[in-house]
Amino acid sequence: MTQEVKTRPLNRLQSMYALRAEVDKMYQAGGEAEAEGKPVAWVMLEGWANAILNAMDIITVFPENYSSLCAAQKLAGPFLERSETEGYPTHLCGYARACVGYSARMVELNGQIPPEAPAGGMPRPNLLVASAEVCDARFKWFQSLGRYFDAPVWTLESPSPHARENLIPGTYERNTQFLINEIKQFVTFLEKVTGKKMEWDKLGFTGDGTNKINQLRWEINQLRKARPGPMHTRDFWSVMSAALYRGAADPTVIVDGHQKMYDEVKYRVDHSIAAINRPEKYRLSFEGLAPWHSLSFLDSLADRGWNFVCESSYSPGRPFQVDLSGVTDPVERYVRKRYRSLASVIDQEFGPEEASQVKEEIMREGSSNRLRTRHIREYQCDGVVLHVLLSCRSASSGLTLFADQLLDMYKVPSLIIEGDIIDTSLFNPVESLKKAEAFEDTMDHYRKVRKDLGMQW
Amino acid sequence: MAYYLGIDIGSGTSKGVLLHDSDIIAYHLRRSGVNYKQVMKKLREELLEKAEVSTSDIVGTVATGQGASMVDYADIQIADIRCCARGMNKVFPEVRTVVDVEQQSTQVLRINKQGQIINFITSERCASGAGRFLDIISNVLQIPLEEIGPLSLKSDNPVIFTTACAVFGESEAVSRVAEGISKENILAGVHKALAEKINSMVDRVGKEPEYGICGGGALNAGLIEWVQRRLAVKLLVPPQPQFITALGAAIFARESGNNKISS
Amino acid sequence: MIPIYFTGIDLGSTMTKVAIIDEHEKLLAFVVQHTGAEHRRLANKVMEEALSKTGITIDEITYVIATGYGRINVPFADKQITELTCHARGVANFFPNVRLGIDIGGQDAKGLKIKDGKLLDFVMSDKCAAGTGRYLEVVAQTLGLSLDDLGPISLKSKSKVSISSVCTIFAQQEVINHLSAGVPLEDVVAGLHDAIAGRVARMVRRLKVEPDVVFTGGVAKNIGVVKALEENLGCPVLVPSEPLLSGALGAALIARETIMKAQAEGKPIVKIARKLEEVTFFK
Amino acid sequence: MSAATKKGLAHVQELYLDRTQRIRELKTEGKKVIGYLCIYPVTEMMTALDLIPYRVLGDMHESITKADTYLPTVVCPFLRSCLDLGLKGKYDFLDGMVTTHICDVGSSLSGIWRYTVKTPFHYNIDTPHTTHDTSLNQIKGVLKAFQTAMETFAGKKITEANLISAIKKHNEQRALVRELYQLKKPDPPLISGAETLKTIKAIQSLPVDEGNTLLREVISEIKIRVNKPVKKNARLLIWGSIIDDIPMIEMIESLDANVVMDDTCVGSRAFFNDVAITPDPIDGLAQHYLIDIKCPRTFRTRDFYAVKKNYMDDLTSRFSYLLDYARDWKANGVILQSVRYCDTHGYEVPQLRDYFKAMDVPSIYLEHDYTVGALAPMKTRVQGFLEIIS
């Protein structure tokens, strides 16, 4: 035991460091671009814009990532306070508030990057690409940046039907056309802004790059089902940024980095090496966005034998093949390669027989417990941590229902931890650790219950 | 002779329980004040004095509560909610749902027959729905804490408390008093709000009989009545409710102590 | 002509203040009295006390303006005006060049944008006791100190701790943890002052900070918070000799202006028959 | 016909005290009632199928006890209240529930409602978030799909004739509401802000025809009544998130102010644009429900293809209608209000304050948490604001 106590609780992947470092290049590239007078876009993380912008040689910088970077270095505080001074209500998204504070500082310094900005800072945007996907903040926030920048804003539309309506025949095709037309409009706009024409083969390149990265991320995640869990969610988060933010900008390097990571994780699986340097007492899933300012909290949990083997956010989708023979339109090819119907997702995830049950369930209940909770079963989790964010409605509202469904289906209990993505003052590590200790009782109890019910884990 | 010590350093008061085998030998309580280091020393001294037991007879000590980390003579620290569950389980093995009303926070625990926590919820980040609210109100109205509960039951028309914040609850009480509303009705309002809060917490963790209440708040007969009315259940109240967590700690001390002996 | 008198009465959440002036804006008497919830109703007594200091009878008062948290239904007042407007006027009387007024009372904190004694804009804290006098009271209580001790103690601090909890109750918890961990009292108290000053500073910056900045209200008596505010705002902060009086004085001054204006317009001055009765809160 | 013995404002008051009064009667007559959240569901289609649209609202006087289980306390208390009432069975009389993506919480509420309250028919309309041409095209398809779902539920088809006559009825209601608001232009206004809110609430608890009758009664009543609102110093325009009960308006009007105009969700917002009757009725509905209703939930800007953004132009294109309101109704102050934790309105506030500042219209921002108690501290702010503008 004493030997173990000396080692660090987490056993990080070596291949992670190189990938994590790639993210800094985003800000370097931004800096250089500004110097060379290349257009810089501030972009929201979503499925479509990044590859397109990079195909048009527009440098993409992600304020969402930058805000979490500030938080991770405990430097977000002053920016948050500045946004309060700017008159923004304090309950708004922490990413947005940090970004507003940053923008206000920038204007104050006539467009210069604030000296206190970490990682070289974000250059002034020529273009803001907001997203109607995932949450309202992502278009309201960029719209309100008009107070600070004269950069035009494009809010990229994407459909977000609820599961039941999504299964209605015709919905998928309509939404596909919606995406195709929206992206065409978007490209027209970009051509206007940059004065350049889109080179469609480039889009093929950046697009396929991101698809390849998604493929590798998905394969790595499949490996994570092993016991003991070979890759901790902290490593997942550390490389997530490189994959999602830099994938389209520098596909070859990012693909290579993920290939290396795949090999390392595979090696760990083959030699049953765990992601934590403690006996794997509990396997858990982390639901919600990461507490960027307090990631070390997960180390103290790892120290108690908690291995976070999966997570709900930023997960790669299962790769799929579509027959595009006869599809010549580059935008349509781009969309059809990555947008698929919920029905086919269900078919592939569950296999014909269970799939039809899941679909019935959706038609009956409006949503499917099985669909939402399947990773808990696949990764055989003993418990789930629900990160309720005090500044994020969309990530927080559904969590408790999820917890009920989970307990009800698989007898897997959930622990609610209140905190925030950015604002340290909203997270209480001492309280949370206390609750975690109590939660071990609960996980033990339900492990017994699952056993008595003859469940797989 | 083998004795086991449970020390609960709370934000308001600190409590100690001394066990011999499974018999409770002595209780002791003192105000925590502002220095946990002092209080935890004095607490043990005075407790052992009471019991006429010497430090050398203590086989195991478990510390819990806000200031647990300050207890240098403890073998281990255990989270207060676990201790609370275990303590309640010792007094009332049949209890499955525990309402624990402490100074800073209120907890609702669902426990199995071994006294393990199978679900729980704690009032967080805000002292609303905690014993502290009652302290503040008794302070505003200048009525001793032990009298506010019974008085609240005399109310014919409880005021509706709209804020959850303990501190603003005070200002709301202040203005109600200023409006000339009777203390009974104000107190009833506070208790009702607290009972309401507890009720929704119980809903959240899931109801399961039997029900028990402990913590300093359980000394308030009025509060118990309000909670019973709201939950429409009978609450079991241990003789010394404020010591339940310390008792649980002592029990853990005995268990780990026994492990020591066995190993 | 016979002298005429004006009164402002400020019924705060914890203090009641009365100011009596004459037509030349001369402050004849004032009372600043700690009044609990029950006692706020007895504002008439505070009024009597102020009158007794001047030898003026209630019937000689031409116009009375009530302000503050409990301003509604003061039986012997002609008019109610918010503490926001009255503070602005009162503060300008102490410091004519005031552009930003900061008032931290028991219930809330206010920022007042002022020009020529007129209120232009304001911000007020709400829903949270952090950044109000209560915050300090609650903690002082825990520490077994009187409010007046906090300031001097904090000045001894070499390195203040940072208090992260916003909730007053939890801040109190944090204080205990710091003290138990052996942090010197003065550093903890300094930390508290910085926390409250930080919050208020963030709030008032929305109004743009320009000199003179004047700080009033009960908390302004706390030299520690004054210093912390200066640090947080990065500019000097002025405090009147009677920081609690600005509301009542402002009310009295506005009372005077009201009458002077009416006289100038040749309107008849009708003095209402005043009964010094308890304040009631029933509509 | 309505069994309500009372007419005009008296009937409004009756419905204010019991919103379900008429609906329950109609249920016994075998009518089907469709609840809808917010103002984006297409009520015309319900009316066209002889289904009764019923606005789902919260109750700020009832403490939220059941909803905490599903929605954390850090989300919009109005929506939490709606769900709470649903979970308590207060909306059991609904035969259907229709929602749209009005905001993130509204969307998850829809899913939770579906799963827990289990209203027989439930549909969520995936309304796009921008006014792009593609979005306008998209919502047409979305609304057609919704129509099909409604038809299946009702067991009959919507004929073009039915739909057009329904649109006409609802347009008539819009026109009547606008006429009512015209009577707020005189000084003093012929109807108070609180009465206006009650009236809108009432008509959103009635079939459209009966609502129109009620509006006519109210309009002719207030034209001739004696005890109308008194003249006050301030005439206020209120903008913001939903206000579905009168305490805040009453608090404001208890001071030296009349609320003469609003841009809120149980107010003018749903009524100030007609639905154009187009060859394919869906086109008119699409235009109305995506473009014409002005709620912060939709991203709009003057010119999507502009390569540079001019902040003032952008503000003007988005908010000039509010300035028109202020001018036409002679408002001398604007209250920007939002229920706590409302993101869509929250982001708008700094920009609106910039705009009104530039236009020299005094404004104040108030945030409330959907409780009556929180109004006390607000009162001082409002009065302070009134003292500034007087």
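We just call them A, B, C and D in the order they show up, numbering each chain from 1.
Keep in mind that, in the parts below, a residue touches a chain if its C-beta (ideal position, glycine included) is under 8 Å from a C-beta of that chain, and two chains touch if they have at least 3 such contacts.
These numbers were taken from a predicted model, which means no experiment stands behind them.
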| item | value |
| --- | --- |
| Any chain that touches chain B and chain A | C, D |
| Chains touching both chain C and chain D | A, B |
| Chain pair showing more contacts of the two, A-D and B-C | A-D |
| Taking each chain's C-alpha mean as its centre, the one farthest from chain C | A |
| Rounded Å distance between chain A and chain D, as computed from the means of their C-alpha atoms | 35 |
| Distance from the mean Cα position of chain C to that of chain B, given in whole angstrom | 39 |
| Computed distance of Cα centres, chain C from chain A, in Å | 49 |
| Two or more partner chains touched - positions in chain A | 86-87, 400 |
| Shared interface positions of chain D, touching two or more other chains | 69, 367, 374 |
| In chain B, residues with contacts to at least two other chains | 125, 163, 175, 204 |
| Graph class of chain-chain contacts, one of line, ring, star, complete, other | complete |
| Residues on chain C engaged by chain B in the complex (per definition of touch) | 13, 37-38, 40-41, 69-70, 107, 127-129, 134, 138, 142-144, 167-170, 172-173, 175-177, 179-180, 182, 280-282 |
| Chain A contact footprint on chain C (complex, rising order) | 164-166, 198, 202-203, 205-206 |
| Chain D-touching residues of chain C, taken from the complex the two chains share | 69, 81-85, 107-108, 119-122, 124, 126-127 |
| Of chain D, residues touching chain B in the complex | 63, 65-66, 68-69, 371-374, 376 |
| Residue ranges of chain B touching chain C (in the complex, touch as defined) | 11, 32-37, 66-67, 70, 104, 125-127, 130, 132, 140, 163, 165-168, 170-171, 173-175, 177-180 |
